[in-house]
Amino acid sequence: MQSGVRHLVSIDDLSLAEIQALFEHAKQFSTDLRAWSHLCPGLISASLFYEPSTRTRLSFESAMLRLGGGVLTAADMRSSSASKGESLADTVRVVGGSYADLIVLRHASEGAARLAAQYSPVPVVNAGDGSHEHPTQTLCDLYNLWIERGRIDGIHVVLSGDLRYSRTIHSFVYALARFGANIVCVPLPGFELPGYVMQRLREEFGVEPTRADVSRLGDLARECDAMYLTPQKPHQLSLFTDAKGLAVERVDALYMTRPQTERYTADELSRTRVVHLGKEEMAAESLREAVVMHPLPRRDEISPDMDSDPRSIYFKQAARGVPIRMAILGMLLNRIDLSAPGERVVQPMYPVTRGSNPCANPTCISRTESRHVTPSYRLASRAPVRAYCAFCSQELPHRWVGCSTTGLFHERDSPAARKIRPDHLVFLRDEADALGQGFAAAVRPTQPS
Amino acid sequence: MQSGVRHLVSIDDLSLAEIQALFEHAKQFSTDLRAWSHLCPGLISASLFYEPSTRTRLSFESAMLRLGGGVLTAADMRSSSASKGESLADTVRVVGGSYADLIVLRHASEGAARLAAQYSPVPVVNAGDGSHEHPTQTLCDLYNLWIERGRIDGIHVVLSGDLRYSRTIHSFVYALARFGANIVCVPLPGFELPGYVMQRLREEFGVEPTRADVSRLGDLARECDAMYLTPQKPHQLSLFTDAKGLAVERVDALYMTRPQTERYTADELSRTRVVHLGKEEMAAESLREAVVMHPLPRRDEISPDMDSDPRSIYFKQAARGVPIRMAILGMLLNRIDLSAPGERVVQPMYPVTRGSNPCANPTCISRTESRHVTPSYRLASRAPVRAYCAFCSQELPHRWVGCSTTGLFHERDSPAARKIRPDHLVFLRDEADALGQGFAAAVRPTQPS
Amino acid sequence: MQSGVRHLVSIDDLSLAEIQALFEHAKQFSTDLRAWSHLCPGLISASLFYEPSTRTRLSFESAMLRLGGGVLTAADMRSSSASKGESLADTVRVVGGSYADLIVLRHASEGAARLAAQYSPVPVVNAGDGSHEHPTQTLCDLYNLWIERGRIDGIHVVLSGDLRYSRTIHSFVYALARFGANIVCVPLPGFELPGYVMQRLREEFGVEPTRADVSRLGDLARECDAMYLTPQKPHQLSLFTDAKGLAVERVDALYMTRPQTERYTADELSRTRVVHLGKEEMAAESLREAVVMHPLPRRDEISPDMDSDPRSIYFKQAARGVPIRMAILGMLLNRIDLSAPGERVVQPMYPVTRGSNPCANPTCISRTESRHVTPSYRLASRAPVRAYCAFCSQELPHRWVGCSTTGLFHERDSPAARKIRPDHLVFLRDEADALGQGFAAAVRPTQPS
């Protein structure tokens, strides 16, 4: 495993101050994208794409070329070296060994970029790992808000459409919470934010969901169960709340999403109503000054007649992907200096020392690529003991935990469980699993400490 | 829609003087292809290929690299972003938004480059749109004639083989006519130039077809119905014509074509005779100084033993594709100055304001990509009223036209029809269609004005 | 056919002194891979890959970019221009005509690079032609030995695993013999070096196989029929040999191979035992200082726990592929001067002047691409008259030869046969073939001369 090399696997790898510094650099780059070819001459980035994503790939490659660097392209890794049975760990060690100075990785398995970063001698940028993270997309979205509104803290962002299956939305919502933005969820019925996203918003960012009064949002929010997520203190909110919920007055940005129909069940497919944003919907009072964003590609979510509306910034939004990626590449290649304090969000990571991989996500890289993975977890909470896979970030389903020192096992919400040191924790499926792994039951129920 | 940006969708987008200036630049570039990398540093071209064409793609990318620019490659767009349902209009807005400074587009639908040019913020070069146009190929062919013969005006070019299905031949024949070359058609029986090509040659370029006496062309023209197409005035021709037709004495260039077997009917496949050019055929008297051209790839049309014949220039012809494309890219990126008068051939384009898209070509981009297309037409003639689709250039089949101002409809060859202002024209399938769209029949047959 | 242009089709195209000079340049390049972009600015290499090999492609493209050149990529030629029926000869004439200054060719047919070199106006580098050669891989392996051991002459290299089907191993073994290394073969039972490889080692490099005593190699060599191949004189060997064979004391390098399971028969698949190199196997006495090499990708041949062992150099080995390819490209593009004497190994090549192509290999380029190939051969020995195809290097199976001057035919091991001048030789399947081609039987058996 390498050290001293910096990667961008998750947006949590960056401090708020660093993100702010990246924005400043991106803004400077965008004054003339063609004026920065002196920054990375002689350097090479390699696009290793295990699933196709032409737009993302071209955006990164453009950024590298505009910085004066060279580009190696493997647009279809799955059907080439992977077919010879090579592990991702080996591939990044070879490509990062001398071929390239930075790897841009796209992969179908959650956690792939985390694994790659553990082995690569050069920086790895996550360009999407399954349904997990796509940090440069999120940074691009935040950068757009910052450019358009001058700040992110305290602004109001409406999220519309399929909030359930969109990776982009989940990452975006965490980042908005972290930056202190107010979020108004206007989901299609049945496509609300998933419970685990809400839980993380609450636990990690202290966000409190409240009913939202979206009467001034017009047709866009009709029939939907709107929700207001705010990082503000509840007592502040109560001043404005009544039975109808917190009123959404003035929206700074409306973020439209593409229905992720490829992940829908037959039932969901039959139920899905097409969101369609046109001039009429945008006539709603509270949207008068809202910029309209979309991660693209769109299908029918936004009417072509909105393209000429000055509030529509979705093409500008995509265009800004190049300068923000120039800033990211420049930072990781040590060609620009962020001079920003580096505290991060990331929790410490503990290796699983006993038993099998506790991650239950079948598409997690820790399960699809077993040869070079040390299953690991991060703690989500101590009471009850809850943890998530360090690769795919999905919660471990285990309801029992053992202590590798005492040899005893406990229910995860028992007081004894929370006293186990994280590096002594063993996750157990059930009592049979515990006994099979040689743990003994605690003699009598422990008392609250 | 963008303005102020110049595109190369059709060779008609260039004036003769501009083409001449491009030739001069290309000739200068070809003295040392490696000496021009100072022209486009920092600039990026994107190859968006919705169908594969490695040769064309590499030729453009080589030209861009030799100009010192960078290259983004999407060699298989169809299976990537298009599969996510993105429209071409959106794709070029994103790619042209900041990723690239110029787009090289290859597409299976006729008119795709015209549509892309309407939306792209940066220049679009048509690298082939279905069976419609491939202007840089045509320019390369003309450039070869100019280099080899010193001029195009007045030279004699023999076209041999499948003249019916070859897009290359159709574009080439219009361009030869425009430049004032004499064309001798030596088609395989059943594979003559189509009627609509002949019609355009007559109407637009004043070309008069005459029987050709090809007795001095030898085996090459045996059994075929040869034709002489000349831009010269008929009274000049008559001096040399007799019952056997106009004699073909001295050929400057012989252009061989590949049978487009992939488009043949079963009957045509059974009928097709392989044209085969070898030393024997080239011994014909009138071919003594003819250069042999072929757009490549060839199959068996030209025998390998011709490769060492000094008249064979088909490999040189392909090699000259790079300098001519360097000139084109340099011009569109404003890195070389043509200083040439810019009158073009292109007719004005009128949007269809009522009724459905009148284009009958099922593979026209105006029909395959409806979301961002405004169906449009150009007028071919006023009496009768004939128009062609502004995207795919195929003639509209409608025999009735309405006037959006008077509300009356007429047969297209009636005197009343020709008086309708082009921007008031509505194309109607039949009388039922006319009535259905709210038009009334003219009360009585109008009299000649 | 072109002359004056240098290609790298086989490692035999290089003299030992040239290889040594390439190593010196590669070593210099590797001090800082990013410091050499002044060597090839304005030059372009084209990767023409008729079968995918991402690793090889990226390695070459990285080398070209690090030299400051540009890169054209056709990662999937088979499904593009080849599908239009273009011959390889035509493709390289076009691509080498002006698109690129050097061609890196990967092809499924043996001999493809040799054919390409005959037609290309620019240097061709063989990046793998079927199961034939992959000279830059071999050079990379030799370079690694040279870097790790300071020399190749006289060192001891153990080859382990599937020695039968691996192209890499065959090329490597010839090269080791040529450089004077001692080779210890430790094959999986049933996967020994093929007879024709042994024959060439004997005939061309004077290598004598001896039984090897591999008791100090431990588990790695258990159950296998180990063999010692040495370029030393037999009388020297005899000093150390007893009934158990020549003892293998101290190994300099252990070269592991991937089982080429894709080429196995069902029977071989069932028989194959997985070689697995781990800490335990590497504890063997004679391997104490052996570096561990592998061409990668590996599957299970080397345990991941070997990755941190200082003797494991397989990732370094891959990384060194870039500087050695930089040296090769620099040499072929005349940007570095080898100043080394240029005697080569290659035998003269004779065209087949009568009869059909004598090569019996169905995947040889001389048979798959007949249009532009002149079947040719090189002589392997004079008594008996044995020859191999000049393209795929497989031995011609013919047991009879004719003389085009005398019109007589002979058995190939007859004294008369060996007197035929190589350029008068005609290879004949059997007597019927000989008579059919107009040869007469020699009147009576010729006497020894």
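Just so it is clear, A, B and C label the chains in written order, and each chain counts residues from 1 on its own.
As a working rule, contacts are C-beta pairs under 8 Å (C-beta built on N, C-alpha and C of every residue); 3 or more make two chains touch, one makes a residue touch a chain.
Keep in mind the model is a prediction, meaning the values are calculated, not measured.
Chemist: Could you work out how far chain A has to rotate to sit on chain B, using CA atoms and steps of 5 degrees?
Modeler: A turn of 120 degrees brings the C-alpha atoms of chain A onto chain B.
Chemist: Answer with same or different: of all residue numbers used at the interface between chain A and chain C, are over half used by both copies?
Modeler: Chain A and chain C contact each other through largely non-matching residue numbers.
Chemist: How many angstrom lie between the centres of chain A and chain C, each centre taken as the mean Cα position?
Modeler: 48
Chemist: Pull out every residue in chain B that's touching 2 or more other chains.
Modeler: 73, 75
Chemist: Chain C touches which residues of chain B in the complex?
Modeler: 30, 33-35, 37, 52-55, 58-59, 61-62, 65-66, 71, 73, 75, 296-299, 304, 315-316, 318-323
Chemist: Show me the residue ranges of chain C that touch chain B in the complex, using the header's touch definition.
Modeler: Going through chain C, the ones touching chain B are 41-44, 46, 70, 72-77, 79-81, 84-86, 89-91, 93-95, 97-101, 371-372.
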